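Both complexes below contain subunit A, partnered by subunit B and then by subunit C.
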Partner chain A sequence: MTSIELWNVSKSLGRTLALDGADLSFGPGLVALLGRNGAGKSTLLSIMAGLTAETSGDLHLNGSRLKKDRRPLRAAATFLPQDLRLDPATPAAAYVRYLLDLRKRPDDQLEPLLARFGLTEAATTPIGELSGGARQRVALAYACACDTPILLLDEPTQGLDPWERLTLMDYLAEAAADKLIVYSTHIISDVEAVAPRLVVLDRGQVLHDGPAGDLAAPLVHEVPVEDARGLVTGRDGLYKVRCILDGDPPESAKLVEPTLTDAYLALTR
Partner chain B sequence: MIGFHLRKAIGPRLILALVPVAWLTWVGFQPVTGTEVGDSFGPWGLGRYWAIIAPIAAAAVVPLVDAAWREDRLRAGWRLAAASGWAIARDRLRALLAGFAAYGCVIAAGTVFVALRLPGPAVAVVTVIGPLLGGYTALCLAYAAGVRGGTAARITVILLAAVLDLANALPTPLLSISGTGDVAAASWSPGFEQAGAAPLPVAGFLAGRVLLAVAATVLVMVSGLTRPGGTSAPAR
Partner chain C sequence: MRTFDRRALALLLAGAPLLLAWSSGYYGQPPPGVTRLALGAHWVCGWLIPLSAAAVLAYGTAARPVDPRVTAAAPRDPRERWWLEHGLTLASATVFSLALTLGQASRSAEPPLALLIPAVSGLVVAFCAAQIAVTRLRLSPGPAAFAALAVTALPVLAPCLTPALRWAAVDPTLAAWMALAPGTPPYPIGPGAVELGMVGPGAVGWPVLAVAAVVAARLLPPDVSAIPGGAHDLD
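Then we have the complex of A and B:
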């Protein structure tokens, strides 16, 4: 069973501390990574993929401490970066086969994956002629076809429509039975749907590590607002704003059930 | 996987590159006696004339193979595949060979025109062996220059090699793209001046060319290895 452990791992990018003393342990399963832009999600994934060296701290792969040589990590992990750059002149399937050949991975799973991600007809189309969502699915098909024990996906649902997101989440939930899959996202509903474990990063620090339901639920109030023209639209002049208040709520406020989004916003505000 | 890179270089641009080369070849070679640009050129003159065309072909091929050699696209693929240093070196070699194959097609197409105008055993030597052997090294150097300097650096290297060859300014025959410059005259046996003979590269010249080609290949394979996959990866 594959495992990665990070012991007090930090990463400096110039004067910025992108990751600040992260202590995390990962085994097979699906892990969602949440955090604001610049929170350190991509840096964490890149370190876990063996593509970026940490400034300090230790990494352990399957119980063994990794030294400078990160080839074992790169062999075990597939990382799909957020800023995808695929060769626009090459047909989708040919490009994925090329990438698999570079990694010395078999391509026997490619055809079923292309079908699963709805790319069978687009397989012979140059990538530059595909829509943004289709390009994202081509990259996902590559990442999944690698069939490595560790899959690291940086905002994999960007550009996907709801049906495509469902297909992906369905696949990830299935594949997580025997793989470690870590994916970053800004879409809370993706987390609520499938990820049993949630890691929240903010300014390089781990704020939460555990089930999404364990996030401290804040007190959320709905406050009626009058004359909110120009800010929001509503019906019959009735507006309600969900808010997490620092002080006492006004008399008109009504306590409501907090959502995961509320909990996340309260944690990272 | 050479085919993967080669496919990107094939297209209408290949025809555009071939047309001027074919025209130059056609008007330059006169049946039996020599060339139309110099009555007494003979086979040697043909070699020198071809020395003009080969660099032109190489210079035309460099932008032609740009799609296959584009560093940013190659690096993007290597990054996505988290390619190891060895995998990158191997892929660079494939891309280079794809470019060389395109170049070889241009040379071969030119040879067809020459063969139509000037049948004889010297044709193959003058129009194929020289430019292919020297062109490989020239393209290697151009590729290695392009890894850091881009397309402009590639074309500069090729044109510089061509000009030095044409001006007979090369210190050694090994650097001649065509292999027919003055310094390379003794590298063929029998000499080009002997009409009807089929000159072949002498063993020393051939061995030197092979060694130079191997060295140039290694240079290509190690180009840019300090940044594997185009990422900030650890040193190893």
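Then we have the complex of A and C:
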């Protein structure tokens, strides 16, 4: 069973501390990574993929401490960056086959994956002629076809429509039975749907690591829009705003059930 | 699957007017007893071929349509893989350059070796400069082409234009001719300067230095993950 452990891992990018003393342990299963832009999600994924070296701290793969040579990690992991560069002139299936060959991975799972991601007809189309969503599915087909024990996906649902997101989440939930899958996202509903574990990063620090339901739920009030001056402006009383108030709520405010989005916003504000 | 961005070949257009002018004998002030065709042939083989190769290779291989993060995850280190991945391109550039060199020798009546040696030395430097710019420094296409061009210009161009460095020229004949050419400053020329051998220390030394730099760039750091760069991709 594949496992990765990070012990007090930090990464500096110039003067910026992109990752600050992260202590995380990953085994097979699905893990969602949430955080604002610049929180350190891609840095963490890149270190876990063996593509970037940490500035300090230790990395362990399957219980063994990794030295400077990260080849074992790169062999075990597939990292799908959010902006994977694809060759616009090459047909989708041929390009993915080339990438698999580059990584010395078998391509026996490619056809079923292309079918699963709705790319069978697009397989012979040059990537440059595909829509943004189709290109993202081509990239996903590559990452999934690699069939490595570790799959690291950086914002994989970007550009996908709700049905495509559902297909991907369905695949991830299924594949997570025997793989470690970590994916970063800004879409909270992706986390609520499938991920049993949520890691929240902010300014390089791990703010939360555990089930999404364990995020401390804040007090959320619904306030008629005319009583929420400074937050929004509205013309009538039909609209209400949800707010996490620092002071006392106005009389018109009504306490409501917090959602995961509320909890995440409260944690990272 | 192509691995070289063919748009880089457009850079050759920049050198085309020089190629035409030099190889047709329309330009240059050769020293007495030397034809413009011969001087032009040395400019083409000693300067134009290496500099064009450096710019085109660096641009074309830096802009290759494979994401560097995928290349880095391949079992073979990308610094080694560059040579295999672009073997066909390198071979094509070599064959094209050698054919052009032999053509220049035929037109100008210069001894083929006098043109082949600087062309090959310059090509080795150009290949190594492009490889380091792309795989070790991880430069994007424009900066990679500029860096490779600048590094290649150092051995092929600078000694011909700087009297104190003439001994280091990859083309000793050209360096000597340029020193004697009318209109150039009166450089102190030693006896027998024009009869300099075809192989100077520069023709051997620069390629050896370039290959040593490639080896050093492969070994430092030993693992590709420790190479800085790509920070703009991270958040």
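Points to keep in mind about this one:
In the analysis below, the second predicted complex is superposed on the first by the 258 of 269 C-alpha atoms of A that agree within 3 Å, B and C clash if a C-alpha of one lies under 4 Å from a C-alpha of the other, contacts with A are read in each partner's own complex, and residues count from 1 in each chain.
Definition applied: a contact is a pair of C-beta atoms (placed from the backbone, for glycine too) under 8 Å apart; a residue touches a chain by one contact, two chains touch by 3 or more.
None of these values were measured; they are calculated from a predicted model.
Overlap between subunit B and subunit C is detected when the two structures are superposed via subunit A.
In the superposed model, A:Thr43 makes contact with subunit C only, not with subunit B.
In the superposition on chain A, contact is made by A:Lys68 with both subunit B and subunit C.
Of the two partner chains placed by the overlay, only subunit C lies in contact with A:Gly14; subunit B stays clear of it. In the superposition on chain A, A:Leu180 makes contact with neither subunit B nor subunit C.
Contacts of A:Ile150 after superposition on the shared chain: neither subunit B nor subunit C is touched. Contacts of A:Met169 after superposition on the shared chain: neither subunit B nor subunit C is touched. Counting contacts by the rule stated earlier, residues 46, 49-53, 68-71, 74, 77-79, 81, 84-87, 89-90, 94-95, 98-99, 102-104 of subunit A appear in both its interface with subunit B and its interface with subunit C. Those residues of subunit A that touch subunit C in the complex are listed here as 13-14, 18, 37-43, 46, 49-53, 68-71, 74-75, 77-79, 81, 83-90, 94-95, 98-99, 102-104. On the subunit B side of its complex with subunit A, the touching residues are 1, 4, 7-8, 67, 72-73, 76-84, 87, 91, 229, 231-236. Those residues of subunit A that touch subunit B in the complex are listed here as 46, 49-53, 68-71, 74, 77-81, 84-87, 89-90, 94-95, 98-104, 139, 142.
Considering their complex, residues 1-2, 65-75, 221-226, 230-231, 233-235 of subunit C touch subunit A.
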